[in-house]
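Have a look at the structure below, then the notes.
When the chains are written out, they are named A, B, C and D in that same order, and each has its own residue count from 1.
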Amino acid sequence: MGNGTAAGAAKVRVGIVGGTGYTGVELLRLLAQHPHAELTAITSRKEDGMPVADMFANLRGKVDLAFSAPEKARLDQCDVVFFATPHGVAMAQAQELLAAGVRIIDLAADFRLKNLAAFEKWYRIPHTCPAILEESAYGLVEINREAIRNARVVGNPGCYPTTVLLGLAPLLEGRAGGQPLVDASTLIADCKSGVTGAGRKPEIHILFSEASDNFKAYGVMGHRHHPEIVEHLERLHGGPVGLTFVPHLTPMVRGMHSTLYARIAPEARGVDFQALYEQRYANEPFVDVMPPGSTPETRSVRASNVLRIAVHRPDNGDQLVVLVVQDNLVKGASGQAVQNMNLMFGLPEDAGLGQVAVLP
Amino acid sequence: MGNGTAAGAAKVRVGIVGGTGYTGVELLRLLAQHPHAELTAITSRKEDGMPVADMFANLRGKVDLAFSAPEKARLDQCDVVFFATPHGVAMAQAQELLAAGVRIIDLAADFRLKNLAAFEKWYRIPHTCPAILEESAYGLVEINREAIRNARVVGNPGCYPTTVLLGLAPLLEGRAGGQPLVDASTLIADCKSGVTGAGRKPEIHILFSEASDNFKAYGVMGHRHHPEIVEHLERLHGGPVGLTFVPHLTPMVRGMHSTLYARIAPEARGVDFQALYEQRYANEPFVDVMPPGSTPETRSVRASNVLRIAVHRPDNGDQLVVLVVQDNLVKGASGQAVQNMNLMFGLPEDAGLGQVAVLP
Amino acid sequence: MGNGTAAGAAKVRVGIVGGTGYTGVELLRLLAQHPHAELTAITSRKEDGMPVADMFANLRGKVDLAFSAPEKARLDQCDVVFFATPHGVAMAQAQELLAAGVRIIDLAADFRLKNLAAFEKWYRIPHTCPAILEESAYGLVEINREAIRNARVVGNPGCYPTTVLLGLAPLLEGRAGGQPLVDASTLIADCKSGVTGAGRKPEIHILFSEASDNFKAYGVMGHRHHPEIVEHLERLHGGPVGLTFVPHLTPMVRGMHSTLYARIAPEARGVDFQALYEQRYANEPFVDVMPPGSTPETRSVRASNVLRIAVHRPDNGDQLVVLVVQDNLVKGASGQAVQNMNLMFGLPEDAGLGQVAVLP
Amino acid sequence: MGNGTAAGAAKVRVGIVGGTGYTGVELLRLLAQHPHAELTAITSRKEDGMPVADMFANLRGKVDLAFSAPEKARLDQCDVVFFATPHGVAMAQAQELLAAGVRIIDLAADFRLKNLAAFEKWYRIPHTCPAILEESAYGLVEINREAIRNARVVGNPGCYPTTVLLGLAPLLEGRAGGQPLVDASTLIADCKSGVTGAGRKPEIHILFSEASDNFKAYGVMGHRHHPEIVEHLERLHGGPVGLTFVPHLTPMVRGMHSTLYARIAPEARGVDFQALYEQRYANEPFVDVMPPGSTPETRSVRASNVLRIAVHRPDNGDQLVVLVVQDNLVKGASGQAVQNMNLMFGLPEDAGLGQVAVLP
C-alpha cells in the first residue's frame, strides 16, 4: 500500500470504481496488458457478480474479474483506485481511501478545478473535500509532471482540455523579448469530438440513428470544460486569458480534433513556431509534433496514447492555426490516467502504453 | 368523415397518434408533401404544445402543427388516423374511432397477426378487440390490395415481413405442373437492418458508440416478425411453411437488405424465375424487379417507397438467392402506410410517394 | 430557345454536361421532379449510350435518358445547359452555346472569380473567355438576385463559399453609426464537409476505409475556395477582408457545417445580431435563421435546399459565433443551380425545390 | 537463415514485399510490437525511399523503416518474407527466396488452392511454380497446424474462407454413428465484410460516399473465395460439398460476420452441437466458442486475432445457424500470417498477438 512501487517489483494493485462506461472498459483494456499492474477489484452496484467480460466481450479470456458491489470490494487494499464514475463519486470516497494509504486517480471532474466556485457553478454540486482538492494535482503530465509524481490524488483532465492545453501551452508559456507570443484575450478552440466523448448513457441524442451522418455544434453558450481550460491556460500564461470554445459532435466512435486559433503578437512575428513546439515537446513520449504542413488525422492515434500536433501559419500572417488530435478515450481519458499511475508509482512513464495506433 | 375521398375532392383529414418516433416523423415528411392529405392533429401527451418542428428541425417551415395531448386532439374529426405508437395503443382506441367513422392504419403490430395466440405469445399483451382484428386487413398492398381498399382498419406490415413476403411471394404462390416451385419447409431469410429499425428509444445497444463500425445478429432464437412472416407466407402458399429467420443490425441509418434462400423443387428446375418475378410485379408501382445479375443497394431506395428485387440462381443449381432492398422507414413503414391510405380513399396509389431516392 | 419561360408555359428544356458525378446525379434527382423542366440531354463521352439509371439505380423508373457523347447531344436546342464538369469545360463551350441562345449554369469554377489572376493561380489553367466571365453573374441568389435574373451565364458558387458568404453577409453589409459591425480583418471560417464534397473520383484518401471513423483538416495552407470567398466578402463589405479558412473532412456523406468567428467592433456592441440576421433573411425562401441558442444539425437539411443559420454571442462578449449548415450537394451545388435556373426563367424560385429534408 | 528460431534466441528477421496496402500496414502494426521479430526490409518500387511512417502516420515513432525498391532490399537475408501483394507476385519470387533459405508466407492467393485448374480459372493467370504449390501448406492453423510447422511456403487463407472453414469444420469433420452430421450438399454462407476487405485501391465503388450508409451483396454469381472454401471443406469432410456463398459489403472499416446455415442430418438430431464446438476448439488460443444464445459482435474482435463463434439451433429444429466474427485484417489476414510465422519458427503461437480487442 506504500507510495512508489519500482518497476520490476511487486505489481501495483489496482481498483476501479465504476467500470461500466467507456473510460472503464478502456482502463480494463489497457491495464489487462500492463506489465506492472494487477487488476484486483472493479465495482458496480448494479452489476454485482457479473463478469466484466460478459458486458464487454472484447475482454473474454483477457480479464477474469467480476463486478462487485462497492461494499464487498476491498478497495482499501489497493495501491491505487481509479474512479471512472460520474462527477461527485470520487470526492465522497477520497477521505477514507487516503486514510488507508490508497492513492486516487479521478477520471471525472472532482479534482480538476482548483476554483471551488467555478466547480460548484458548473457541476451543480457542493465540493465536499476542499482540502483534498487543494493538495490534489492536475493530471496533465506534460505540464505538471513533478506535482503528479508525489500526489496522493490526481484529477485526470477532461478530453477537450487535454488537446487545447497541450495545443496552446507553448504559445502561452513563451515570451519574445519579454512579451507574450500571442494575444491571449482572443483565443479560439474549435473542437470536434467522436461520440464516445458523450459517454455510455441511454440518451436519444447520441443514438446511432441521431448522430450518424450528421454534424453539429453544442454547448456554444457554455460547457464545463471551458473553466477547466481557462484555469490552466491562465496558470501557464501567468495572466488572464480569453477563450472562445465551441465543441462539436462528429460521427465517429473515437477521436478528437481541435483546431486552435491564436493571433500572433507584433513582437513575436519573427518567432519560429514550428521550432518552438518541437523543442517544447522534444522529450515527451506521447506528444508528436508533426512536420510543417501536416494535417493530422484522428485515426493516426486511434486506440493509442499519442497526441499529435501540427502548427500552421497561413500566408505567414498573424493568425496561427494549431491542429491537435488524440483518442479521446486514451490520451483524453484512460490512457492518460494510466500515464499518471505510472508516474505516481515510479514506473516507466510509457509502461503498458506502447500500443501502435489502429489504422485503418 | 365519410369513406372514400376522390382525388381532386376535399383533402383527406389525417391524424397521427404518437409522432415522436421515426415512423412518426417520416409520416410527417411524406404527408407534408402529399397533394391530397391535410395534417390536422398529432398527439403526444409528453410534448403537448410543442411544435413538431421544434423536435424535428427538418420540418421547420414545412409543418406548422404542434403536438397536442390526446384528449385535446379532435381525432374523431379526422378521416383517418395513423398510429405510430408502441404495440397495444391502437387497439385501445380503435372501437371509439371506428364508431366516429374514422379509419385506422396501425404501424404497430396490433392488426398484423390474425392468429391471436401468436399475437399474445409474442407481444405479451392480451388482444382487446379480436372482432376488429378479424375484420382488419393486412396492409401489404401487393398481396392484399382489394381487401385494403375497403378496410376500416389496416395493420401495416413490419419492416422485415415486407421484404421477405414480397421477396418470396412469387415462389410460394407459383406452381409448376401443380407442384410447388420450392421446398417451402427450408426457407431462409438472412436480413440486415439499419439502426432506425430499432426505433427512437433511449437504449444503450443502439447508441452510436455501440452500433457504429459494428455488425451483429440478434433475435436468432426468436423474433416477433417471424410469426407474422410465416402466417402470411402460409396464406400465399396454401400450406405449412418452415422459415429460418436471422435478423442482423448493420451500421447504417436507413435501409434493409434481405437475402432469401429457397431450394428449387425438382419439378420446377425448368422455370424461368426472372420472368416469374417480372410478371408477378409488372404492374406494381413500388416493386422494381432488377435485371438478371443485379445486386441492389439499399441506398438506391433511400427515402423512397420503392422496393427492389434481384433473383439469382448460382451455377444454375437448385438454390435460389433472392435479394430485396427497401428503406425500412418508407416501404417498410410510413411510406407503405401512406400507400394504404391512398388505396383506402380512392386516391392514386402513388400520390405523395413519387420521391426519387436520395443517392448518394 | 428564348430567355424567360413563364411558369405554366412550355417547360424549360434542360441539358446537362457531365452527369456522372455527384452534382450530376443530384441535378437529375431534382430535375426529374421539377414541374417546369424537361430533361432533354445528358452527356458523357465515356458512357455514351448507357441509361443514366444503369449508373445511378435511384433513377430507375424516374429518368429514362441515356448518356450521349457530346457531339451527338443537341445541346444547342436546350434552353439552359448545366455544366457538372471539372473546371475548364464550361468555358470551352460557352461561346458556342451562347451564340445558339442557350443559357449556361456552371457548377464548376469557371465563372466564380471575377479576378482573372486569382482564377489562373488557383485553377492553373488560363481563362479562355474573359469577356463572358465579365458579363457572367455569381450565382449566390441571396446576394445577387437581380443580376442572376437576366444573366446568360451563371457561375454557381462553391459549397464552402455558400455557407461562409451567407453566414457573414449580414455582418459585412451592416454598419453601426457608419462603422463596420465587425473587424473584417480577422474573420475565421472553420468548415466541416461531408465526403461527397470531394467528388466522385477514384482516389485513395476518400475511400471508405480511409475516411470513415476519421476526422482531419486539409488545405490549411491554401484552398481554391478561399479567393472566391474573399472576393465576394470584399464586395459585400466594400473594402478589404482578412479571412482564415480551415476546411475539414468529416465522416458523413452529405452535409456541411461552417463555424464562423467574427470580432464585434466597439461601435457595434449594442447591435441585436439575432434581429439583424432575421431581418436580412426574412424573405428568403431557402435561408432559415433559427431561434437564439440553436445549434443546427446537418441532417436537418439533408437532401433539401434549405440553409440554416444560428447566431451566438457567448457571454455577451465581443466574439460572435455563427453556425451555418447546408447539404453540400443541394444548396451547396445542384439545388442552388436549380434555384438559379428558376430565377433565370421567371419560374417560382422554389419550383422543384420544396423537398422536406430527410431526417433521420 | 535457418529454419526454427527458438523463442528467446535471435529474433526472426522479417521482410515484407508490398507494404502499401491494408494487410501491409497491419503486418507492420503487429510486427512492430512482436517480441521475437525484427523488421528488416519492406519493399515498394513506387515508394522507394519513403519512410513507411510518412504513408501510415500511426507508425510514427514505432517503425523507422523506409520502403525500398525490390532490387535494393536484401530479402535473401531474411528468415521469412511476407507477401502483402496482388496475386501472382509471390509465385514469381518464391523459387529464388527458397533457394536462399528464406521461408515464405503469401497473403495473396498463389498458394491457397491446390487445384491448379481452379486457380487459373479464378485468378486468370497461369501458375508458374506448381511444384512449390504442391509442397506448400494452407495456413489455416486450426485445421492444418502440423503441416504449417515445417512448411517452407504457407498460403495464408482468404478472409471469408477463414470464417467459413472454422465455422463449419466441426460439422464436416464430425460423424454420428458413422454418418455425417449435416447435409453437406446444401450449405449456405451468408457473409458480411467491412470495406477494408476490398483493399486499398482507388476504385469508385469503395469510396466513402458510395459505401457509407449503404448495404449490398456482390459476387453472388461467383467469387474467388468460393473454390478455396469448397476445396478445404471437402478435405475436412472427406467428400463432395455443395456451398452457396453470398458475400455482402457492410459499412464498417474492419470486421467480418459470417452467418452459416447447415441442415442437420437425421442421424445427428441428438448431437449436442454446443459441446461439439467447445471440444473442437478447447485448446485453440484464437478461437472463442461463446456461450449458448450468444450473438457475437464484430467489434468484440476489432484489431485482435481472436475469432468468435456462436452456435444456434432455432426451436431445436433441423437448421443449424452458426455465427462467426473476426477482424478481417487480423485473423482474416495479417494476424493469421503472424500466427503462421510463430508456428514456423517455433515461437509461442500467440507471440505478438495478445492484443485486447478495441471496444468501443
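Brief remarks follow.
The rule we apply is simple: contacts are C-beta pairs under 8 Å (C-beta built on N, C-alpha and C of every residue); 3 or more make two chains touch, one makes a residue touch a chain.
Note that the structure is a prediction, hence the values are computed from the model and not measured.
By count of C-beta pairs in contact, A-C exceeds the other of the chain pairs C-D and A-C.
Relative to the C-alpha centre of chain A, the farthest chain centre belongs to B. If each chain is reduced to the centroid of its CA atoms, chain C and chain D end up 47 Å from each other.
For the pair chain A and chain C, the distance between C-alpha centroids works out to 40 Å. Counting only residues that touch two or more partner chains, chain C has 22, 194, 196, 209-210, 212-213, 251-254, 296-297, 299, 302, 360. Remark: chain D residues 22, 25, 29, 32-33, 56-62, 196, 212-213, 253-254, 288, 290, 296-297, 299-304, 306, 308, 329, 354-360 touch chain A in the complex. In the complex of the two chains, the chain A residues touching chain B come out as 22, 194-196, 198, 200-204, 206-213, 251-253.
Of all residues in chain C, only 186, 188, 190, 192, 194, 209-210, 212-218, 220-222, 242, 244, 246, 248, 250-255, 257, 259, 261, 263, 293, 295-299, 302, 312, 314, 317, 319, 321, 323, 325, 360 touch chain A in the complex they form.
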